[in-house]
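One structure, as structure tokens, below. Some questions next.
For clarity, chains are labelled A, B, C, D, E and F in written order, and residue numbers in each chain start from 1.
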């Protein structure tokens, strides 16, 4: 009787059954509508940019793992997310060679050097984006207008710029609502912003679709709802106060919410679990900090948009937050820091 | 008052298979193996010799000091051998091999009956003499727990009928079938603790037991039955106190620090059943369940029955692969089927080879915070896990309250990266304990 | 003019500073024996703690104070110790080299594994779960915690999961002793070559069921050894190293090869009768 | 002082070529010892600046090494740091004026970093670890080696940053007109990344050597 | 390392103090000499190079002049001739032709750019009431992007005839200089930006706007204070 | 000419042109002491303290040098005064409060050769700041240095437990993080324009 060798392992012997790769996959599914809308509004250019970003991220991860004699970790889907996020934050007519470089940088410097998934200190896609912003500031602020005629068939010459060569910008460029506001004080209609009838990075235009993706993840408990909620409410309240003080200088809170990369950043990037604090209170502080920085940079800074920097700084601050904000352990008095 | 503690998890219960089945007497195994280390504290001291014939109920081993209890013979038979026997921890300890007589109804009770009116000291002595330890799983000598330290006072007597572990239904059945014993036990407990109020805590999934007990509360007894939400680990002492009394037991403290004493419901029933007759504990109710067994149910099994015999009797599949003593959340995996049932065994859960999902790939911690949201005592298991991996054990204890962890397994249960957090913590604690004892020798500057 | 200004101001500045420094030097000087730095520099900076101090600097302080002798540092080379001794003008206080010895030989080729362990690859972790699943509750679990903890690469796991100590590299720092959950390691002077490679407290067939090379407590070694060299205690032979232990007689009749002679070059040598068991099929164990 | 530096001082007298080579390669102040980082990062955004800065630093290093080693028996231990700083500051001031007299533009682009040579820890550490214990000629060679090691490192950084960031080297364009500059390389972040990249190469080389 | 062995603790004798004093002061004197000789040796040339550089800048922003003069703004808002040494004062540079007639005033202005403070010099011609030249003195703007403000010809052409005409009472500039986007310049008081360098060009536009608004009325009203002064450096 | 406000000087020195991440000043201690949070924050405090003191000293020396018309002594007098002030402060602390010395004083010798300190003194002089402005500037520089140091320490502490590949371990990874931090601080550029 009982012929088999027994197995012993540590308690608990049952698991909830949600694994990291399923979470990652779900994030990818949640981003799909955003991706589809990006292609719908910006056409084949956007598709090329996003696909290139994904390919370069996954390829870099694979190659680096092979180089360091590790098992390839592309099956955990995190590189795919990095690629998609990077693609979604780039202008639709961003040259493919730069996109590719950004993907390599994202995964290599943003993640791999820190030891891979789980150890990256910053959101890898944003590290790549920040690199591209600093390296090619002109290309990354050249936008394509949305819903151009023939966008599904004609590829912009700047997208196909020869590697290491300066892209030639054709005449289809448009300004983002934020730069239009910052430099020309032109307000874009809020409903246009919400629906995404504007130009901008491939994935940031339609706030409604991004929110849908976020709600999906929150419903599946694969995202910390406190992060987007605290970021967005901070931005809303702060800009609301400014708007009440002087509505001629400061933009309306709704404009602040729906313009630029705020939605995309708050829903898909600031919520990167690795770079955000772990406690509920810490997460709220993190969100507040990001929201505050977004408002400060947008309103007083030199740049029209600051979501990327705000999130990266939030990531940098996370270890401090985790250090100081600790849940009060059962049966102890106030936490000592 | 909050109606529950913070955080916690909801594992699948799997109780419906056994909670309707009445407790059945289990047959006597031909060879009973009794390890002396069945409880926390000093092992019992054997007072019989090889070859001696003993009767059911006879004391085989005496308590070796205050932190110890005696051991009674679960069957009538002959002492075959006194030597090393395997126990669940994987070690070999002193024990008795007892060959049982085929059909002997002979039973003795060596102790003297203790009446409810006896003095608290007499009751405590009676509880010790009956060999009673915490039957919830911890096997902590009950008389030690009930002794109220000088300067402290007990106001609340909490009877723990939660049984939050999946699969297990022993307490459920005990409450349904031994209500009178429970109230008898409460009488003893009230007397020896001096508590003014008794609260029986029962999880909402055992409403029938709660109803029955409420109905049966004897007139004049200060007992209330409270139904608490279903949540793991509701059955942990500290969690239960928070749920019922709205107080937190201080870190490193005991329930008595908030004027409460918690006793498991099965232990209470046992006290009520044994003390009036001066008997000792010989058998206990055990849930046998899990996909690997055919005859699931609640059995009254003699202490010392070899696990292998139990499994054979309940029709365990040949290809059993994992066996746990206790529930699946905190129970211990068995490496050796030759160990035997002890006083602390509350359940035996069996999984066959086909029932185990072995493809739990371990991913790096992605700091998702699921464990932080699960830990009932608000630790940061993610950080602790990372520190444990880096072997920063002192930091874990000094800065992150490692020693408060009671290994309920909630963090590991929810971890999407399948990190063996509980094992890390158990390992870290054992290393720290070892270092603590070794320290004075190492640093002699 | 400029020259004058420069000379005056800079001269004044330096004068002021020099006076200040001199005063400070006298009033605020905190003395620390410079020899501590020197000695610390001569130590190997391994901070291994083999000397019994938390690190090299405290050891250096103790050396300078004369509380310790350089020989306590087992990591230093012969020359290094002598250099420190010469510097401090003391005797080197050489101790016999000690090495870590493992009291188990039950590799996966000879010892039974009762349950397959899944979880952290660590002996200490495995030991917490039903003892780790090995048949013999005293035996080596073979997950190599000692190999990992050894700072000097002196321990390597052999193909059957038994750690082999490289006597040349071992510094007797004691890390492996501390880390082993089964307490199988102990530090011994290198001349202790008669060795019981088993820690099972069981006796007779019970031992053999779990491990082919375990000590069955037959007592033959104790009978063969001269005088009180070996006594049986708790089913194990105990060697009295204060007696003359440079003899291979006791190992000869051991039926399982649990008592061995650790030869400097050949590794463990077993008695004539033990070899038969080994030859029966399984590979030789414990030899590097 | 790091143990490595101590070891350098304790070693037996090596030949003078050895003394020179060690600074260039084996104990390169930037890539191996990782000291004197501020100017390395700050003025390495073009090859020309890097070279000028490197040479200025090397000059101060050699001169202060020589002076300090010749005065080493004259300076009491208690005031040695103060006097070393005095001596170094003097040479830095001299270099500062010399560069101003050569070209105002160059001085402008190197900015305050010439003055900051004073606090380049490399110079003080050489003075402490080497010049204060060795003969004048040895100290001079050590200074030369370390100085050229420093120049070499600065040049490595400066050329990479200028080539990628500006498409040129020493101001001469080396790529076709259509080359897209990586502006990040000229920015502070680029300095960090480029140095990290060079350290990575050195580490790789070291690890490979350690393996074989 | 090795000499310390000879020094036993507690021997801080007077002898040692004297030696320290001598060493410190001696080295201090040697250093002072070295520095002074270097300074003396290079002083003339450095001053010349600096003056040349500044003068060149003034010449750049005021086309057609041959001589310059330095003036400083007093706290009462008057311009008086200056030697230009006190850098805390606000300085302006007057430019003259061969006939010693005032051709224009070069004015320094600074403000926050993208990366750091921007310092510019611009030439003002009171006769045409317009800006006639522009030169960036100090900038840390992003290379290849923000630094186009120094080179971009289209951008620099903004400052060739930028209107700063004054109102009737000569107290305010009628149309404050403002920055506009590339391709949208319509009026002579607008500064047209560079695509891709919006922030830096806007900063320049704002700096110019601020500076002209305060300086131009002051200078215009006191044109006579800038009469040729013989002590000014000439060329 | 528009005067810069003290607030702006502070923001400029701490965030926009962070001494470490934009000016590369104080890189050595930044790389060296940013391994642990505790030491990093103490080092930051010590540096800020010394910065303010030496900024005041430098302001005084500058006035003196202008008065005796000896600009060529600027560098040498700054460094010598800073170095000796640091040493004096160190000795005084050592004597007055051994506890404070153990926690703070050990960083003081490191500060002597910290270019950020000398940098503050030199920059404030070249920018022509008055006393209040100098104080704001040095305080901002110190705060920025502390901020960078503390952020870095937090990140590096996390990295202690990460599976960092061998080639990038040590200074290389620290520099990479510094690079990323420098990128993120670019977000502050143009603030207040």
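In this text, a contact is a pair of C-beta atoms (placed from the backbone, for glycine too) under 8 Å apart; a residue touches a chain by one contact, two chains touch by 3 or more.
It should be emphasised that the depicted structure is a prediction, and the values quoted were computed from it without experimental measurement.
Undergrad: Which contact partners do subunit A and subunit C have in common?
TA: B, D, E, F
Undergrad: What are the chains that subunit E and subunit F both touch?
TA: A, C, D
Undergrad: Starting at subunit B, how many touch steps does it take at minimum to reach subunit D?
TA: Minimum step count, subunit B to subunit D: 2.
Undergrad: Of all chain pairs, which one counts the most C-beta contacts?
TA: Looking at every pair of chains, the most contacts join A-B.
Undergrad: What chain lies farthest away from subunit D once each centre is taken as the mean of the Cα atoms?
TA: B
Undergrad: Measuring centre to centre with CA averages, how many angstrom lie between subunit D and subunit F?
TA: 21
Undergrad: Could you tell me the distance, in whole angstrom, between the mean C-alpha positions of subunit A and subunit D?
TA: Those two chain centres are 41 Å apart.
Undergrad: So how far apart, in whole Å, are subunit B and subunit F when each is placed at the average of its C-alpha atoms?
TA: Their C-alpha centroids are separated by 60 Å.
Undergrad: Roughly how far is subunit C from subunit D, going centre to centre by Cα mean, in whole Å?
TA: Subunit C and subunit D have C-alpha centres separated by 45 Å.
Undergrad: Can you list the subunit D residues in contact with two or more other chains?
TA: Those would be 6, 10, 78-79, 82, 86, 89-90, 93, 97, 183-184, 187, 189-190, 193.
Undergrad: Among the residues of subunit C, which are close enough to touch at least two other chains?
TA: 2, 6, 9-10, 13-14, 17-18, 21-22, 25, 41, 114-115, 118-120, 125, 128-130, 133
Undergrad: Which subunit B residues reach two or more other chains?
TA: In subunit B, 332-336, 364, 420, 423, 426 touch at least two other chains.
Undergrad: Got a list of which chains touch which?
TA: Once each pair is checked, the touching ones are A-B, A-C, A-D, A-E, A-F, B-C, B-F, C-D, C-E, C-F, D-E, D-F, E-F.
Undergrad: Of all residues in subunit A, which touch subunit D in the complex?
TA: Against subunit D, subunit A makes touches at 98, 109, 131, 134-137, 139, 161-162, 164-167.
Undergrad: Note which residues of subunit D are touching subunit E in the complex, please.
TA: 6, 9-10, 45, 71, 74-79, 82-83, 86-87, 89-91, 93-94, 97-98, 100-101, 103-104, 133, 165-166, 181, 183, 186-187
Undergrad: Give every residue of subunit A touching subunit B within the complex, in rising order.
TA: Subunit A reaches subunit B through residues 1-4, 6-16, 18-23, 76, 115-119, 224, 273-274, 276, 278-280, 283, 322, 326-332.
Undergrad: Within their complex, state which residues of subunit E touch subunit A.
TA: The contact residues of subunit E facing subunit A are 114, 142, 145, 181, 196, 198-199, 202.
Undergrad: Subunit A touches which residues of subunit B in the complex?
TA: Interface residues on the subunit B side: 5-6, 9, 11-12, 166, 238, 242, 248-253, 308, 311-312, 316, 318-324, 328-337, 349, 351, 353, 356, 360-361, 363-369, 372-373, 376-380, 382-383, 401, 404, 407, 409-410, 412-418, 420, 422-423, 426.
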